[in-house]
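Consider the two complexes below, in which chain A is the common component and chain B and chain C are the respective partners.
Let's turn to the complex of A and B:
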């Protein structure tokens, strides 16, 4: 395979970029992800986790079975924001301004 | 045993910035250690606002202001960190809060932070996608955002270029006072150093214990939603929401004390989605691609802990919330302190000795 072969199709990251991250010191898929955006797109690494771990194994001499998988998060596939709020009345998330001025009055 | 002038424990945004700024003097042999890898902790799980205007008390706002002012210069030196001074809007939904907003503006004006208190119409004219249910907002031109991944990566690259050694995936197991310095025992050997800086973020407490020092901080989990990339439609950084350069919208302002547990939970994500739609109704139709959570460090009085560790000559700490905002000024000041023994801005208010 050519160094310019795309590994992460969502974010268009090629082998060369992944190997550059490994040279910087990255040891896991998630290290590489944060340096290159590989795996940050809509498929959330479902396509690239395998090939990337292979590239890590080839470059570091580690066994494929010893490499950690990526951290999976909600949602498994993209869902609309509104789907999450069907049974929520009020948000309990603090507001930036209220937090600044409410807590101890004006003496903070 | 390998000997260094300075060992920095923690290669997040704060530790990496200190390493870089200290390396600019080219006077010290520096080792930067991390138990994991840069961006695996707090600095890689943030919305990365460079946020100034609601930071109180005003002298803390002032420190944040000076740090924001350093970003354009920093970017010239270490490379493009996507610093974007968008201006920041902190909306309020209740007319009763307007009075408080004016009080905040008055206090912050004393240190040169210019805040406008906007009417609903003014806010909606500036940021048309905000909800018509808001009552108003505070606004400042000083706030913005940065790409945290680029920022930490480039701090480390620039530091290495100046000769800083890095040792990652290397947990510090013990720290022992030794003569004029410290012995730092790690998974990959023991190092001697004259000066030691704890920059472990939420893990600073554990590092302090190795030295027998109590670091009064809490761990606070923040959960964040990321949407699919959308057309650029948010001009400003909104308190709780930002749109990145590539179009994704990040939403979240939750705070939970659950130790080091950084899972995302459906209940808080649902609350965060509600907040998103309350602020920007059109986000109801946006696809969520991912959620994430980070553990933030929160000093008990919420203000940075910075400077020498009392009673331990040569040992220093830099532990703070808002490390992204503060990293340029904190790196600058800590480099001054270690090189010249004093700082150009007075940091005694931030001393660990206040607790």
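Let's turn to the complex of A and C:
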């Protein structure tokens, strides 16, 4: 396939960039993510993870079952910081972000 | 906010789990990120007959309507447009509608986030006019939009053929069905008869899609050489993959089972995951058909009810036994075998 074919459409990463990352030692999706930003856009790798794993498998000879899952973190879906710190008294997530609340209690 | 059972995802598995728990007297909260309930089922116009014995055969939308009817006559608290965004240190689940975060404290969680369609890349796949088969189905059945005039379908599983037929019914000319494998994947011979005159190219794949700002042309590689077709719609049915984010957030373990769709949360014969408060149901527990999806929701719910203490373990055991028998009857043989394989290897989940 043409190496300029886009794999991660959010961050516009193509096959060539992923294969280059593999040549530099990337073995997993997370390695490629950290080297190229692949999978770090709005969809958070929901589209590209399958194709990327196939490219890794084809380039390394590994089987798909031997490629580890990518790390998934909170928030599961994109969410405004403002929303994350609402209802501050009842939210332990908010404690992490408490410094961003000004004296009037408005979330910044 | 407190409840006995929190169900995440209001597709068929989630709704069935919620209804089962509600009828046994549990307080139930059912959340879904969409403004609509029913997941893909409410957009499905294909006919389903291989269903659990208490559910009538019908079109997807008819089966959904019946489930919605039952929801309306229940005490279930439903939050649409609410997404699970994370969990709190104390194990409570954070749910947001984009305006504020609700903290839900539940005795048991049933996670039924479903599956997503697997992407397929080829030069030109990012052009407007390339979409998954599921997206085409939503456009037609939910939004009443015809997604194109001349189309090809990539993939020959039953879902691909159903959507190809749907497109034809709305006046889209389906010029070809492309299958990478040697054989057509759909095992339903009557469905193959229905698609009749659409040419099927096996051992074939898309070489490239071309066009200025949208799909105008597709080049197909077949064993007999290259084929150029003028189309404005490329539908991709490249299979499904379980949605895993909620399980990772709740510290469930994962395993790889090809026959169940790849990486899935580990679970035992009660559909209990590696987190002792979290059950899994539906396609997230392995890609399967509507009948088995509904059964997994029911199995998870009965087990949750038993653990909460709302139903005696004798009743739960009896229900579960019958549901497993029904599951073995309805489910594709290979998928069921993979499921048993998974369960037999996960009896040792430790808490």
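The rule we apply is simple: the second predicted complex is superposed on the first by the 88 of 108 C-alpha atoms of A that agree within 3 Å, B and C clash if a C-alpha of one lies under 4 Å from a C-alpha of the other, contacts with A are read in each partner's own complex, and residues count from 1 in each chain.
Everything that follows uses one rule, which is that a contact is a pair of C-beta atoms (placed from the backbone, for glycine too) under 8 Å apart; a residue touches a chain by one contact, two chains touch by 3 or more.
Fair warning: this is a prediction, and the values are worked out from it, not measured in the lab.
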First, second, both or neither for A:34, with chain B first and chain C second: first
First, second, both or neither for A:59, with chain B first and chain C second: neither
Touched partner set for A:42, first chain B, second chain C, both or neither: first
First (chain B), second (chain C), both or neither touched by A:24: first
Partner chain(s) touched by A:9 [first = chain B, second = chain C, both, neither]: second
Which of chain B and chain C A:74 touches, first, second, both or neither: both
Broader residue contact with chain A after superposition on the shared chain, chain B or chain C: B
Contacts of A:84 with chain B and chain C, given as first, second, both or neither: both
Set of chain A residues, in rising order, touched by both chain B and chain C: 73-75, 79-80, 84, 87, 90-93
Complex contact set, residues of chain B against chain A: 37, 39-40, 44, 51, 54-57, 90-93, 97, 100-101, 103-104, 107, 137-138, 149, 153, 157, 166, 168-169, 225, 227-228, 239-240, 252-255, 264, 266, 269-278, 283-292
Of chain A, residues touching chain B in the complex: 24-28, 30-31, 34-35, 37, 40-42, 44, 73-75, 78-82, 84-85, 87-88, 90-102, 106-108
Of all residues in chain A, those that touch chain C in their complex: 1-2, 4-7, 9, 15, 46-48, 50-51, 64-65, 69, 71-77, 79-80, 83-84, 86-87, 90-93
List of chain C residues in touch with chain A within their complex: 33, 83-90, 94, 96, 98-101, 103, 116, 118-123, 125-126, 208, 238, 241, 244-246, 248-249, 254, 256, 258, 262-263
